[in-house]
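The next block holds one structure in the form of structure tokens; read it before the comments.
Per-chain residue numbering starts at 1, and chain names A, B, C, D and E are given in the order in which the chains are listed.
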Amino acid sequence: DDGPGSGPTGSIKIGLLASLSGTYQAVGKEIRAGFELYLATHDGKLGGRKVDLVVADEGNGAATAVPAATKLLKQDRVVALTGIVGGGSVAAVYPLLNETKVPFVGSNGRPELKDVSRIWHTSYLSDEPGEAIARHVRDNVRGSVYAIGPDYQGGWDELRGFTDAFAAAGGKLANPDGKTTFTPFPTTTNFTPYFARIKASGANAVYTFYAGSSAVDFVKQYAQSEIRDLPLYAAGFLTEGGVLDAQGEAARDIYSVLNYSPDLDNAENRAFVAAWKTRNDGSPTTYAMASYDAAAVLDRAIAAAGDDPTPESVNAAIGQLGQIASPRGTWQFSPTTHAPVQKWYLRQVRQDGRALSNTVVGDLATVGG
Amino acid sequence: MTPLLSARGVTVRYGSLAALDGVDLRVDHGQRHALIGPNGAGKTTLLDVLGGATRADGGRVHLAGRDVTRLGPAARARRGIGRIHQRPATWSSLTATENVVVAALPHAVRPGRWRPGAKRAAAERTAGVMLERLGLRDVGGVPAGRLAHGQRRQLEIAMALAGRPRLLLLDEPAAGLSAVEVGGLVEFLRNLPRAVAVLLVEHRLDLVYALCDRVTVLRDGRTVATGTPAEIRASGPVRQAWAEGVS
Amino acid sequence: MAADTRIDPYLVPALDGVAYGLLLFVAAAGLVLCFGVAGILNLAHGTLYAIGGYTAAALLDGGWPSLLLALAVGVVAATAAGALVAALLTRVAARNHLTQALLTFGVALAGGSLLVAAFGPDDPPVRVPAALDGSVSVAGHRYAAYRLVFIVVAAVLAGLLHLTVRRTRAGMLVRAAVDDAEMVAALGVSPAWIRVGVLAAAGALAGAAGVLGAPIIGPGPDTADSVLLLSLVVVVLGGLGSMTGTLLAALAVGQIQTLGVALAPAAAPFLLFAAMAAVLAVRARGLATARRAT
Amino acid sequence: MLRTERLCAGYAGGIVLHEVSLDVAAGTVQAVVGRNGAGKSTLVHAVAGLVRPYSGRVEVGGVQVAGRQPHRIARCGVGLVPQGRRVFSRLTVAEHLVLAAAPWRAATPGGEGWTVARILELLPRLAARLRHRGDQLSGGEQQMLAIARALLGQPRVLLLDEPCEGLAPDLAARVRDLVGALARTGLTVLLVEQQLPYAIEVADRIAVLEYGRVVYDRPADEARADPGRLAAMLSVAAVVEPPAPRPVPGLWAGSAHLTRPSSTGVSNDADRHP
Amino acid sequence: MRQEAVRALRRGVAVLVLAGLLLAPWAVDDYTAALLARTLALGLVGVSVALLTGVAGLPTLGQTAPYAAGAYASAVLGSRLSDVGVVHLGVAAAAGAALAAATVPLVVSARGVVVLMITLAVGELVVTLVGRWRSVTGGTDGLAGVPPVRPLWGLPVLATDRARYLYTLVVVAVLVAAVLLVLRTRVGLLLRAGRDDEARLRASGHRVSAQVAGVHVAAGAVAGAAGSLLVVAQQFISPADFGFDTSALLLLGVVIGGTASVGGALVGAAIVIAGRDWLFGVLPGYAPLVLGVAFVVTVHLLPGDGHRPPAVRGRLLPGLPARPPDPAAERPAPTGARA
């Protein structure tokens, strides 16, 4: 029952590293579920070969990610690695990838790297969401915008993407010194003092990026603060996935930018969402979608890698993929950054039946490359 | 001649309570000086002030003519004050021998050229002698925390002596010692070289009279009387002070 | 006028600092009893709080009866969990603070993952009674109503705790057992039962704090850790065992986290720990030079 | 009332008590003397349950209690004044007194119960220190507090481990008188005492411990009649004459008045007590 | 008699472990060798934690600070100076010692749980600083691609997991032996005495503060050297390597190892860290649960040490001051914590 065109079969080992415990476990579990969903809907095979998926726990970051990755790469000797929630973890695993020459198809975190010849991402670069929405904010907000975000690499990148593009589009930041306000991460759980500063700055809107429990705190406190009437724009993770349930009413009307929304109208997405809902509660997130796509990328690359797929041949095959049809719409790898060139959507939190959900209200820009 | 130790106007206040209230004390070189008084008179507090463990609110302490009022306990110990505490204070996880070695270390003279461990070896020799003299040789290897109460008290005396003091502050050394050990202690203190002065706090007057050549009576933080044992015994006011102190 | 605009932006942070500080006090109250007074280092304290928080998330539906129900269930559950910790802390395990740390840290790790397994990895939503779920106007600023309620709750709790620890026989027994458990036994009271009682009471406090504090420090995978750390800081800064000290420490931490951040946002990441280290070091120096009776 | 039978006990390091058998009748005082490290405190601890006996029996009022938890033994009516005081350093004197009162037990057999008022009358020094914490007391004050703590528990059996250590002479005498008086009201007392003359005076029976064994156990009358034997047993050389049992009125009576600070020369008069 | 038997047994176990460690790289795959190397580095930090916590009685949660200082100094400064391992070690130890020396004023008069909290604060501050000093440390994403070192002048660079492991093993063995030797002199005696009763030590004329400062700096140097080993073993460092959870696990590892025993600390810390890393690999998602249960069980299996608990300077819960300090000093000043 081998697929047509595939040679002698054996199983193939793929390593998946994601946070299954710790701060980011919500994301990690989506990533695992997305990948497993692809396998489940494709007979447990990638490129016609039975997949032996080896899962390891990334934990809270680099300190736990490195040993787990070492195990996948050096003990299990996987042909390709996927997953990884934190950008820091990717950076930490990077030397190992170079040493073992295994390709990595990441589905979330993406740090700045010198050499990406073996690194591929189905997610995005951290500065792209901001870049994609900047023009829209500039056009729709009368007055200045206050930029605020968490104080770590991800936050710096996300906010830099926005502020650079926003300034280039002629927008004006409300921050007193013209620079983004960064809040200690993950220590900040109380944003009230920052809201007081935003109020004092006279801003007309706020742009931000938070994820996980910080996002919940930020949104809930925002809704009870004295700046609750200012429009809130954000990178989509602010209201993505489980955090939206926890935020509840407080999240209503928030605008966000993301490369995906479960209500996108295309065939791949309808199939993906339907399959997702039979196996999981709620709607899929961009994390699950990116991981699903990572599986799709590997599927095609392994199929193209010939009779005896080796890490090298799989890596080479990924570079030749071209257009990829995905629940998010069609995209392709940028030849320089090895991250997607893709379309970004503007979403707003609105009532959808009984629950609130992120509803696509418009297309923004195609970014990447 | 400058006295070995002189304290003037020592005052220690705890809130409204004056544990010591302008106490004067003078101990000459080689003197055996006793400090007696009812419970809570301030004897231990005075030893604390002299040893540097407690900083006085007023008054000055001179050791061999030098003002040591502002020095801490370690510095005073290095200048020759040895101390045993009312509650035996030893290092419970160290063996008896090690206790004495540690106490001897700051004062151990290392012989000639530096060799690794020479100082410790010197301290160990001192310790051996001290334990032998106090009859603790058998328990030399027992951790101090496992010694019986009286043994610990004797151990502390050995520790104090290992520090080559010029002045020994003894806070109730005989409390908890059995009759034999008390006998040994008396013998021991009698044979102590005259280079060592002793300030002895004790409730057992028999010991005081047997050992000391001068007695100071303290009550409610004040000195009531100072004199030879004979004078003190003969004194009416002192008797009164004593009796009232307890009723 | 000019002065007004200079002070105005800091008004809400200052008020918030008070409410936040009081929340910290409520969260730390159980640990004050446990570690500050009874000398039992319970690193599972945050987990007990999280139990209360998850109970609130599961039971609260926006009405007052559900608040009472959640409070009752949360307190009972956390008390039971506290008693469980006490059962594990046998005489062997409780022999010193470091073994206590080892054991209770283990309980915290295991309990944390069990909670996540039961309630999922996401932060669950918490619905407070509608009357409190809004903001009120304070000196011309909007401020979350629920946080104001905390001022009352914390004041009552502080008073009660102080009375219990200082004035009741139980409180004295607990303090005595820290000094010398054997002598407490010689008075005819079992130190083991004191330990159970203290941990159960601390559990009850943590559970109540978890339910009531859920709208502010909500349940989630991180809650246990952050509550534990903040509580430890507050308890140690408060001088271990003094209720007034702890309350002041909690308020100070609250102000640092709000007013301090508003005044010096650039220093925010360092503010907290730098201040704590400095204060503790200065105070330790003070203690070292304080007199001691030998 | 209090009986030990072939009691063996010790610490992780080894056996300290070897088959110690003592029988203390109700309303009597049993003194235990012996050199330092002989095992006196270990005996007291073994009876109180603070040291778990290896074998043998401990009976309190006919009930075998060896191996029970210390708080259960305490509830059988055993009160303890431990060596080294062991007062609670963070509790005030007043709090000690509140804690020590045993609400579950009726008054001592025979006598009216101990109340805080009675205690403060007996030990007036404590009354002046009610608000002081345990670690702020002088050694003697702590000792008084330890005695008070034990008495307030309304014990039927009282274990006294060197109760007079650190007490000024006349207070020590009062405590000894008290021990005798207590026994007359029916209390059973196990008294560890280093100063042989005192032990002989107050006890009904005297036992000598040596290396953890009872080597002598006779009525005190016999010891009084022949103090030499006992002294020899303890190998007490007559270095120091036994002190007077109590300060006789007029102890320091005399005419010499002392100035302060007087500077009469150093006298080497090693004269003794009358 | 029994003690001698126990001692002989312990010596036998130590020899076996050492032999096992020496032969390990030929018996296991690269993954395990890499894991072992990393673990040994952390075990060395555990030794420095034990030095402070068990031997000197100053429980610490902040040894990750000199560890981080050593690691970054080795990776940034050392790499510029030379590619020789011992140079890196020297630089790292100096950096660790310097950082510890800088924090001596904070620690020297504190005891018990206050030390725990101060060191925790120091650790957190250092991690925060490292995370923000992007130009030097690479920020929160860490420093990747640290060039490999050669152990000594003239030797080849360490290119394989096995070579890196053996280098780590040799360095750890030498340093631990040095620590053990020093502890057998009077230094060890004084440290143990200080743990039991500091006031008595002062009354005997010892300068306790200098002693505390000395051991703090020495422990900093050991942790710094371990930092250099981490760089070699892992070729990557990030602030996450030095977080609070690392400190906590190290402390717990040291407790498991017997607090005051240096060898025990090495083994305990190594077991805990290796156990965690291994569990994350084999039981994804359940590692904390298993680890937690293991801790609970361990406590009950730890050998009891008789009647007296091992002392921590002034106990974790320090005694109250004899006289209540004046209210101004009592008032806690503002501070904060990580959430």
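As a working rule, a contact is a pair of C-beta atoms (placed from the backbone, for glycine too) under 8 Å apart; a residue touches a chain by one contact, two chains touch by 3 or more.
Quick caveat, the model's predicted, so the values are computed rather than measured.
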item: Joint neighbours of subunit C and subunit A, given as chain labels; value: E
item: Third chains touching both subunit E and subunit D; value: B, C
item: Pair with more cross-chain C-beta pairs in contact, given B-D and A-E; value: B-D
item: Gap in Å, rounded to a whole number, between the CA centres of subunit D and subunit C; value: 45
item: Subunit B and subunit E, separation of their C-alpha mean positions in angstrom; value: 41
item: Whole-Å separation of chain centres (CA-atom averages), subunit B against subunit C; value: 47
item: Inter-chain centre distance, subunit C versus subunit E - centres from mean C-alpha coordinates, in Å; value: 30
item: Per-residue multi-chain contacts in subunit B, two or more chains; value: 14, 44-45, 53, 85-87, 89
item: In subunit D, residues with contacts to at least two other chains; value: 11, 13, 89-90, 135-136
item: Multi-partner residues of subunit C (each touching 2 or more other chains); value: 113, 178, 226, 257, 269, 272, 291-294
item: In the complex with subunit B, residue positions of subunit D that touch it; value: 11, 13, 33-38, 41, 83-85, 124-125, 129, 136-141, 143-144, 162, 165-172, 174, 194-196, 231, 234-237, 239-241, 243, 247, 250-258, 260-262, 264, 266-273
item: For the subunit C and subunit E complex, residues of the former touching the latter; value: 35, 39, 41, 88, 90, 92-93, 95-99, 101-103, 105-114, 117, 178, 226, 229-230, 232-234, 236-240, 242, 245, 248-249, 252-253, 255-257, 260, 269-288, 290-294
item: Touch list for subunit E against partner subunit B, complex; value: 185-186, 189-190, 192-193, 195-197, 199-208, 307-308, 310-311, 322-323
item: Interfacial residue positions of subunit E with respect to subunit A in the complex; value: 29-32, 34-35, 38, 128, 131-132, 138-142, 144-145, 161, 234-236, 238, 240-241, 243, 245-246, 276-278, 280-281, 283-288, 337-339
item: Interface residues, subunit E side, partner subunit C - complex; value: 53, 59, 105-107, 109-111, 113-114, 117-118, 120-122, 124-125, 128-129, 132, 199, 244, 248, 251-252, 255-256, 259, 286, 288-289, 291-296, 298-300, 302, 304, 309-310, 312, 315-318, 321-323, 325, 329-339
